[in-house]
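All remarks here apply to the structure that follows.
Per-chain numbering from 1; labels A, B, C, D and E assigned in written order.
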Amino acid sequence: MHWPIDLIVLTFVIFCAIAAISVKDLLGTAILFGAYSFMMCLLWAVMGAVDVAFTEASVGAGVSTVFFVAAVFRTSRRTKD
Amino acid sequence: MDNTPALIVIAPLLAALLAGLAVWIEERLSYLIALTGLAISTFSAVKVLMQVIDSGTIQYRMAGWAPPMGIEYRIDLLNAMVLLLVASIAFLNLLASYKSVDQETNDRPGSFYTIYLLFVTGLLGVTATGDLFNLYVLIEITSLTSYAMVALGDRDRGPLASLNYVFIGVIGASFYLLGVGYLYLKTGSLNMVDVANILSGIHGSSTVLVAFILCMIGIWIKMALFPMHVWLPNAYTYSPVAFARIVAPLMTKVMVYVMIRLMITVFGFDYVFETLNLADAVVWLATIAVLAGGVMALSQKNLKKMLTYIIVCEIGYMVGGAWMGNQLGMTGAILHILNDALMTFALFLAVGNMVYRLKKVDLPDLQGLFGKMPWTMAGFVLAAFSIIGVPPTCGFFSKWYLILGAFEAGAYHFAAALIISSLICAVLFFKVFEICFFDPMSEGHGHGDSHSHVTIEEAPVSMLIVSGLVSLSLIVAGLYSGTIVNTIILPFLK
Amino acid sequence: MTDLLPLIVAKYNYWLYVILMMIGLYAMIAKNNLIKKLVGMNIFQTAIILFYVSIGYKTDATIPIIQNAHGGQGAHSAVIHAADYINPLPHVLMLTAIVVSVATFGVAMALAVRIYQRYQTLEEDELRMRLADIGLEE
Amino acid sequence: MRFLGFIIVCLTGALLLYGTGEFPDWGDPDSPASTHLSNHYIEKAIEETQVPNLVTAVLADYRGFDTMFETAVVFCAGLACFLLLRDFSQKKERFYRHTPTGVILHVKDSKKTLKVGKEFEHMDKDWVPSDLIIKTVCRILIPFIQIYALYVVAHGDFSPGGGFQGGVIFGSSLILLAISYDLKTLVRRVNEKVIGIFAALGVLIYVGIGVICMSMGGNFLDYSKLAPLVPGDPHHIRALGMLGVEIGVGIAVTAAMAIIYINIVSEGRHDEGL
Amino acid sequence: METIISIKPLLAVLVSLFVIPVLVSSSSKPNVRESWIFIAGIIKLILVLSMLPVILEGKQIALTLFEFAPGAAIAFRVDGLGMLFAIVASSLYIVTSIYSIGYMRGLDEHGQTRFVSFFALAISATIGAAFSANLLTLYLFYEILSLATYPLVAHHQDETSRISGRRYLTFILGTSIALVLPAMIYCYHVTGTLEFSTAGIFADQLSKPAATVLLLMFVFGFAKAGIMPFHSWLPAAMVAPTPVSALLHAVAVVKVGVFSIVRVMTGIFGVDLLANFNLGVVVMTIASFTILVASCIALSQDELKRRLAYSTISQLSYIIFGVALLSPQGLLGGVIHIVMHAFGKITLFFCAGAIYVATGKKYISQMSGLGKKMPFTFAAFFIGAMGVIGLPPAGGFYSKWNLILGTLEAQQTIFMVVLLVSSFLNAFYFLPIVYKGFFGKSEEEEDGGPVKIQEANLCLVIPLMITAVISIVLFFYPTVFVNLIKTGLGI
């Protein structure tokens, strides 16, 4: 009966998602986005999808974030919303 | 074991990878590799079509696993036809593209061919597959390659158009994926036929309804049905012409094919037209799409962009026909997939020739083109007549079936929209013809030659031959549309 | 209340995925910054992945790796019950979906960099202004 | 736009929620999704493929065809980034650092180059002095990460992981090299041409295995037909086939990740970056 | 009725189509090019005439090319009506070819190869329309003809021709797509066939309102027939070189329009159905209106070709009028007017062209006194005018006579008045030209300037003499055409 854990993590996920799209600094968004991915990965691990979680950990929280930071490095951190 | 069905898709994929390798070793090889790959693919497609006509549906098990477990290719008359269409158009376009690719992607033609082939692979795979999820993956391949291609076009606008395309394309594909998820939740299967069998027992379920709506919306976004068309005009206008020539005729048409496949094979005619009461609404939507596409095309100043709006308009034809709920309408829609692909291809080939010489094709640039590029314009005129629906070009015959279907279904508004759009297309194209026919330089008649200082010559022979061939095929397809309907479409619908 | 709790427990996962998806979709449509839109896109895609993974979940089942199989022959002796293992199929599908999404993300980032190179901004309204400045319609 | 977006979002949400009404409960073992196909996979996979990790079995065998296109997608993304961003024009200004003294030279003449070696080294415009700790730690870590990546690829049959994950991890190790040293170090070590070839080669391994299966008289990707070519227990041939394709996937993904990163971070000039 | 399968109709259509590549390839050698046109024209005429005996025996020649749905095929069938039209078109094509050589060279026009190529295409389409076995094929050739004539109309490529060309297309293409196409598909939807048959294709599937609407869609949709209000393309199209106006806008194009309406009324609806629903009167009213109004407008035109154009509009409606009488005499009179008017009007246009080439004059007010300088031309003009007015001994009398008999037969006395009034109007707008030409004083004489005007070159004069003579001959020997009509319509 681990639905409470699941629920808590899910709430965190949603929190991270909202934060990621509302922060005014794109680098912040990148980090929050990484956190979001990691939370998601946690959630999937809880649900038994180990392979998916592994992939998300390496892809979503790892490389994606790096790409993100790289892109922000080459563009700008500034955003109006 | 006969591997031709797999070969249709595998040959271009393999060619894409070899061409990708060749980029680093000997750039010029990549063109030959691409040509060979598509030739094999076209040849296999012909063979498969013959086989299907002779002996019925072909099933091919990928990795040897029986259908619901593994992925299967299920090639019946409809996909066999579309496969041949896609493969041959891709092949012909490649023949015509040799020079224009060199001109447009001056640094990396090899990579262009690789992406081109991957795109074709995706389209062929989408058409051949009998698995819902495999379809998604292949749609993504086609999308990803198109994103890249669009961005490679116009330096100013390409990337922006492409990024918008990315956003909308991802929404479309994701909706489709969600729809498949809902279906999977209810049926536990991904194989189209298997899903259809299970679905027949649970037609009333709200989940199935939502799955259907999601799949349809996803596909509609991908095929740019009005009002979900916003990405298309910019994306197609600003892509390199060698790519526009293939994406414009094929991408939307293949998506229409997917829609018809989902409607007929997966959800079934009974479900779509009897359990649901959406048909009328969709036909109205299609009617609006046809009219809106035409009206928006009227206001364009760039030839390429005008043609892209005509594509939006033509999508309405096919969606309307497919949703008419009778055999005639469906026949018209399927026939129009073939015909519209051919005529859009012919149009874009001609436009490609113009772009090759003129560099940009805003309407005023075209003045006096009949005199300067007569053969290109001949192809353009034929294709335009087909779009307008002048017999005996093929456009007339599919329109015939569509209007007949509309009459039978009592959808007179749709028939009226078709007629009006024909008129609009006539206005559009004759506007272009007029500009091309009347040469301001030779005002005050009596002179055969134009005095324009910029000498514009006819396009290279390789491009002209393909253009002429395809334009002639419009008439051939028109004259033999009875044969096509009787040997392919009607047996499929029965 | 006693009826409601089981219902929530049974369905909340699906509801929350819908919320997540709505967040992503909203960001894609309403945000002004292209990178923000991309983040929205990714959230949208992960929400779908979450949905699929939720489909595959089974209570009282373990991860889809058959135990005691290392010896090769050992596995054949033990009878495998389907109810003991979580459905692997959605996981497979989602591995694919994740990779697709990262590929799209990479390409989209590359596009964003190109756009920035050309226009020095990633805000949609400013882009529109720049386009108008150089005489191009949207 | 905001308002319109809100309405669209709400409509979509409502539609999706409406669809959940008839969902089976979360985690219900008797739901159609968990009974129809999955039971076959769970019960038969090990017998049919000898691979205990069901996800790998389904991914690389039953639905191996999907995965092949998946790899093609990654390859395509790499190629797309390359095509979009790669810029062969030389950058006009260059920065060098005189190693013994730490003096920074700014060369504005694009034709003039200094020999990079013991005396001078390349430097970025926004250069931050390399931190010794980071450099050293990364230098130690990277080989281990790479070995771990290889393990993930090779052990994908038995434990979570496989070609994608391994490939991504290996790619990350390369990226880590670029971040901790500088981009030039990475580009020098891993030539662009090599990455490009590897990206195509990886997918080619996958497709090639499928084509070999075809030429051996089986269906595309039917690994069981590979048995005559590979020594060893013919029972394990499917597992071996999967390992083969996973290696292909790993190579392709590694290369693609490196290409994407290098091109984005240097705007395609392959000179300086994070 | 016996039907013979033969490839001849197809050959007759294709012959001038196949010659186009030859024309294009020999564009630098005008003489070679023109001789090819003749060869093609003569072969075409021979092919058409070779079918004549068979048709006169009461048989039909048929050929189905592509059947794309049951009852809707691209097929040829030669019957009396089609034969009649084909003979007229193909024989006049040869004459016009001679004329156009003289005209185009006389004026040193540009783009002659383009001109003759599209001319050949247009004539192919005309023959195709004449030999159509069903409405679909007819529509096909109708559209091809519309499109093929556009470059001819806009030949001069200047601002006027741009506007005219635009108007031409708007009316011709617009009406055919907007009215004929849906009407045709609706017919197919209701009956499942489009094959012409004298009994009509509708059994009793149509109510009277539906039939009325459908008929009106056809009558107005075939705008080439120039029924008002869709007539204004014809005067506009007069900017084209005169051979075009002569052959296409007095014979081929406009007659295809009329021919199509006749075909639809007799072959699709059937005389009986129209009579049952009393639809003849509706069509007759429309036609009468056009006859009178167009004649009145013609009176006020000063440009000769425009006057001829309005005259054509009015004369075309005679034909429709005759058919709408639905009586044997009326049908005969109407259909034979296709022939009579063709020869009469083409003579008139040839004359107009000859005058323009010889003197550069377009306006009637400038033409007084010319008859003395150009006696042959003006004599021919007089004969042509007689034909159109309906005075003996020109062929036009025969058709008008039959039309009047037809009105009596159908007991439509009011409409007889229309015919008579319009004949007077015709006389009013033609005879003064002839009178002034012979007896008026020319401008040059009044100015006392040098008088250099003489007949145009032979290439122009011979054709107009030929057609004028034929026009008279037809008065005495209309039998062949009468027989064709009788076998064709079964009256």
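FYI, contacts are C-beta pairs under 8 Å (C-beta built on N, C-alpha and C of every residue); 3 or more make two chains touch, one makes a residue touch a chain.
These numbers come from a predicted model, not from an experiment.
Counting only chains that touch, the fewest steps needed to get from subunit D to subunit E is 2.
Listing every chain that touches subunit B and subunit D alike gives C.
The interface with the greater number of C-beta contacts, when A-D is set against B-C, is B-C. Among the other chains, E has the CA centre that is most remote from the centre of subunit A.
Put simply, the chain closest to the centre of the protein, by Cα centroids, is B.
Of all chains, the one whose Cα centroid sits at the greatest distance from that of subunit D is E.
Subunit B and subunit C have CA centres that are 29 Å apart. A separation of 43 Å divides the Cα centre of subunit B from that of subunit E. Subunit E has its Cα centroid 78 Å from the Cα centroid of subunit A. Inter-chain spacing, taken between the CA centroids of subunit C and subunit D, is 18 Å.
For subunit A, residues that reach two or more other chains under the stated contact definition are 50-51, 55, 59, 63, 67, 70-71, 74. The set of subunit B residues that touch two or more partner chains comprises 133, 137, 140, 144, 147-148, 151, 159, 178, 184-185, 190.
Shared interface positions of subunit E, defined as residues touching 2 or more other chains, are absent. According to the touch criterion at the top of this document, the contacting chain pairs are A-C, A-D, B-C, B-D, B-E, C-D. Contact residues on subunit D toward subunit B in their complex (touch as defined above): 15-16, 18-24, 31-38, 40-41, 61-66, 68-70, 72-73, 75-77, 79-80, 82-84, 86, 88, 193, 196-197, 199-201, 203-204, 207, 210-211, 214, 217-224. Here subunit A touches subunit C in the complex through residues 3, 6-7, 10, 13-14, 17-18, 20-21, 26, 29, 33, 36-37, 40, 43-44, 47-52, 55-56, 59-60, 63-64, 67-68, 70-72, 74-76, 79-81, going by the rule given at the top. Across the complex, subunit B is touched by residues 25, 28, 34, 37, 41, 44-45, 48, 51-52, 55, 89-90, 93, 96-97, 100, 103-104, 107-108, 111-112, 114-115, 118, 127, 131, 134, 136 of subunit C.
Residues of subunit E that touch subunit B in their complex: 65-69, 72-74, 108-111, 136, 139-140, 143-144, 147, 151, 154, 156-158, 162, 165-166, 169, 173-174, 177-178, 181-182, 185-186, 188-189.
By the touch rule above, subunit B contacts subunit D in their complex via residues 1, 3, 6, 10, 13-14, 16-18, 20-21, 23-25, 60-65, 68-71, 107-108, 111-112, 114-115, 118, 121-122, 125, 131, 133-134, 137-138, 140-141, 144-145, 147-148, 151-152, 159, 178, 182, 184-190, 198, 205-207, 209-211, 213-214.
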